[in-house]
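Structures are listed in the sections that come next.
Below, chain A partners chain B and then partners chain C, in two separate complexes.
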Partner chain A sequence: MADLKGLDVTKNNSLGQSYGYNEQLAIYNHFTTAQGSAYIHLKTNQYKTYNQITTIEGTGYNYGTGKPIKCRWSFYAYNNLLYDKGTTTDSSSGVDAHGMYLSSDGYAVIRAYASSVYFLGLMLNAYTSGAGTHPFGGRVEITAVAQNGTSGNHF
Partner chain B sequence: MARIDTNSFDVLAGSSSNGVMKRGFYEYGSPGYSAGRFAHFKTNIIGGYIMSMVEAKGTHYGASQFVHSRWNFYSYSTGVLYRTQFQNIGGAGGLTAGGVYVSSDNYVVLWCELLSNAGDCNFTFNAVHPCPTGSRFGIQITAHTNATSSGSQY
Partner chain C sequence: MRIADDVRITPKNVSDKNYQLGKYWYNTTTNSGGYIHLKTNIANKSSVMFHIQCEGFNYGRARAIDSVVTGYTYSGWDSVLNQYMVNYAGGASIESTYISSDNYVCIRLYSSSWYYSGFLVHAMFPCPSGRGHVLEITDTNFNQNNGSHF
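This part shows the complex of A and B:
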């Protein structure tokens, strides 16, 4: 059995151009033993001019709610804006994909919510893609995290 | 194209205190048309204060359904389970029910009910151990059997 520290699965298009997709597994693991409900703000390295279409997937186990986690955020940081391309939360998910925003310094932030975060284990995967000349291969990283009662912007 | 030629692999996140995502750590293939449609999977978890999410992904060809189901549970002290749950994801119907129990020798056992015994039901197990207790646990399936009920088989 192989042990890997994160894993990227990249596919260029047949012409070798810069668009395709990149699947990035286990980019970040947020866990906490705090009690009660909370919003979790996860700041990414996706700058407002980064020009990459990104989906971040939450998986894992939220012991506090007793449920597995299945939710997604999709966005496009481009032209100094964050295009919100939607969130989905499975009906049985222990964490909600609550929203997203641009931080005051111009980076995409995704926001999660859980009615209880007691022994929460949230693992993130990322899927990037592009179209036309848009790049896709940049690694998605979580650069800062805050857990609090703020349902709006934190960063 | 790169190929990872291994039966399974672990994807580690962060530092040693962070979690692990296990891919393909066990594969199930239904044994035949007459097999009981309740499958039981004995794990290597015994107590240990381990929080687990286990996932099955595959195809129930005989029932024309896909399989995407998850179990979660907290194996607390020996013989004690908390917060067990089985759920289908995204409209999957290959498995209709599932659960978790402790074997007579105190190991955690997962069970599921296949939609039918029409055969050709195959799925792969993944798991995530991302929580503050039990992170990076190396889960294994040590035995499995098909039965005619969800009652304890081990």
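This part shows the complex of A and C:
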């Protein structure tokens, strides 16, 4: 048995590309006993010029809605913008990938929504690929979290 | 490269080892369909909120296996509360949970063919209740019983 603090998977690329942490499991676990619906804003360390293509996966269990969680956010932080923003939410997911935006200080923020967050347990994984001159697979971190009724920007 | 029998991951912002990979491997060459019963070490009424995933390949059906069951062993309830089963890939479906005669949560999977199938069992305890649980699969059985086996 291996006990790990997060699990970052890397593979040196035989084509000569720089390697990185392309699969990162359990980068963050958000859990709450609050009642009612809420938006969850999760601020990342992906700066607007970071030049990395990132997918963040939400999984886990939302007891309040009685459903497993399966949703994703994908974006490309480049040239002071978030390009190619995409979200997917499985039809049976207990949490929606509601949206994403740049914070006022220039970092990517993903936004989740649930009609009930009662005893919610959201686990985040991340998958990365490189672009341009940025090394492939830099670590994705969640640097701040807010849970509130704001459907737009919080950070 | 690091090799491990199974992996317990502590998410980077907490101290619970609540993300567990490779807790069990089930494989079969049987040339028939039927029900696979997995008995867990999650006790009835133990207040554990769980997410259990079966992930693998069903060669006989030429489909990936990616099935999840979530639920809560509420202390005031005689079965799994707020349970939900979802089959994302078509290779096998978790049909139901039930409580064994000695009071543990069991999972029943079904496929119309299990010919050369194999899957891993992963677990997650991400909610406020039951975060310290370590999943074990304590017994398995393959049969044609679409009810309770254990």
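One rule holds in what follows: the second predicted complex is superposed on the first by the 146 of 155 C-alpha atoms of A that agree within 3 Å, B and C clash if a C-alpha of one lies under 4 Å from a C-alpha of the other, contacts with A are read in each partner's own complex, and residues count from 1 in each chain.
Convention: a residue touches a chain if its C-beta (ideal position, glycine included) is under 8 Å from a C-beta of that chain, and two chains touch if they have at least 3 such contacts.
For clarity, every value in this text was computed on a predicted model and none was experimentally measured.
After superposition on chain A, the partners chain B and chain C collide with one another.
Of the two partner chains, chain C is the only one that A:E141 touches; chain B does not reach it. Contacts of A:E23 after superposition: neither chain B nor chain C is touched.
Applying the stated contact rule after C-alpha superposition, one finds that A:D84 touches neither chain B nor chain C.
Looking at the shared chain after the overlay, A:F119 reaches both chain B and chain C.
Across the superposed pair, chain B and chain C both touch chain A at residues 1-7, 25-29, 31-33, 59-61, 63, 66-68, 70, 90, 92, 119-123. On chain A, the positions that touch chain B within their shared complex are 1-7, 25-29, 31-33, 59-61, 63, 66-70, 90, 92, 119-123. Remark: chain A residues 1-7, 25-29, 31-33, 59-61, 63, 66-68, 70, 90, 92, 94, 119-123, 141-142 touch chain C in the complex. Of all residues in chain B, those touching chain A in their complex are 4, 6-14, 18-21, 51-53, 55, 70, 72, 74, 82-83, 85, 87-90, 128-133, 135. Interface residues of chain C, counted against chain A in their complex, comprise 2, 4-14, 16-19, 21, 49-51, 68-70, 72, 82-84, 86, 88, 124-129, 131.
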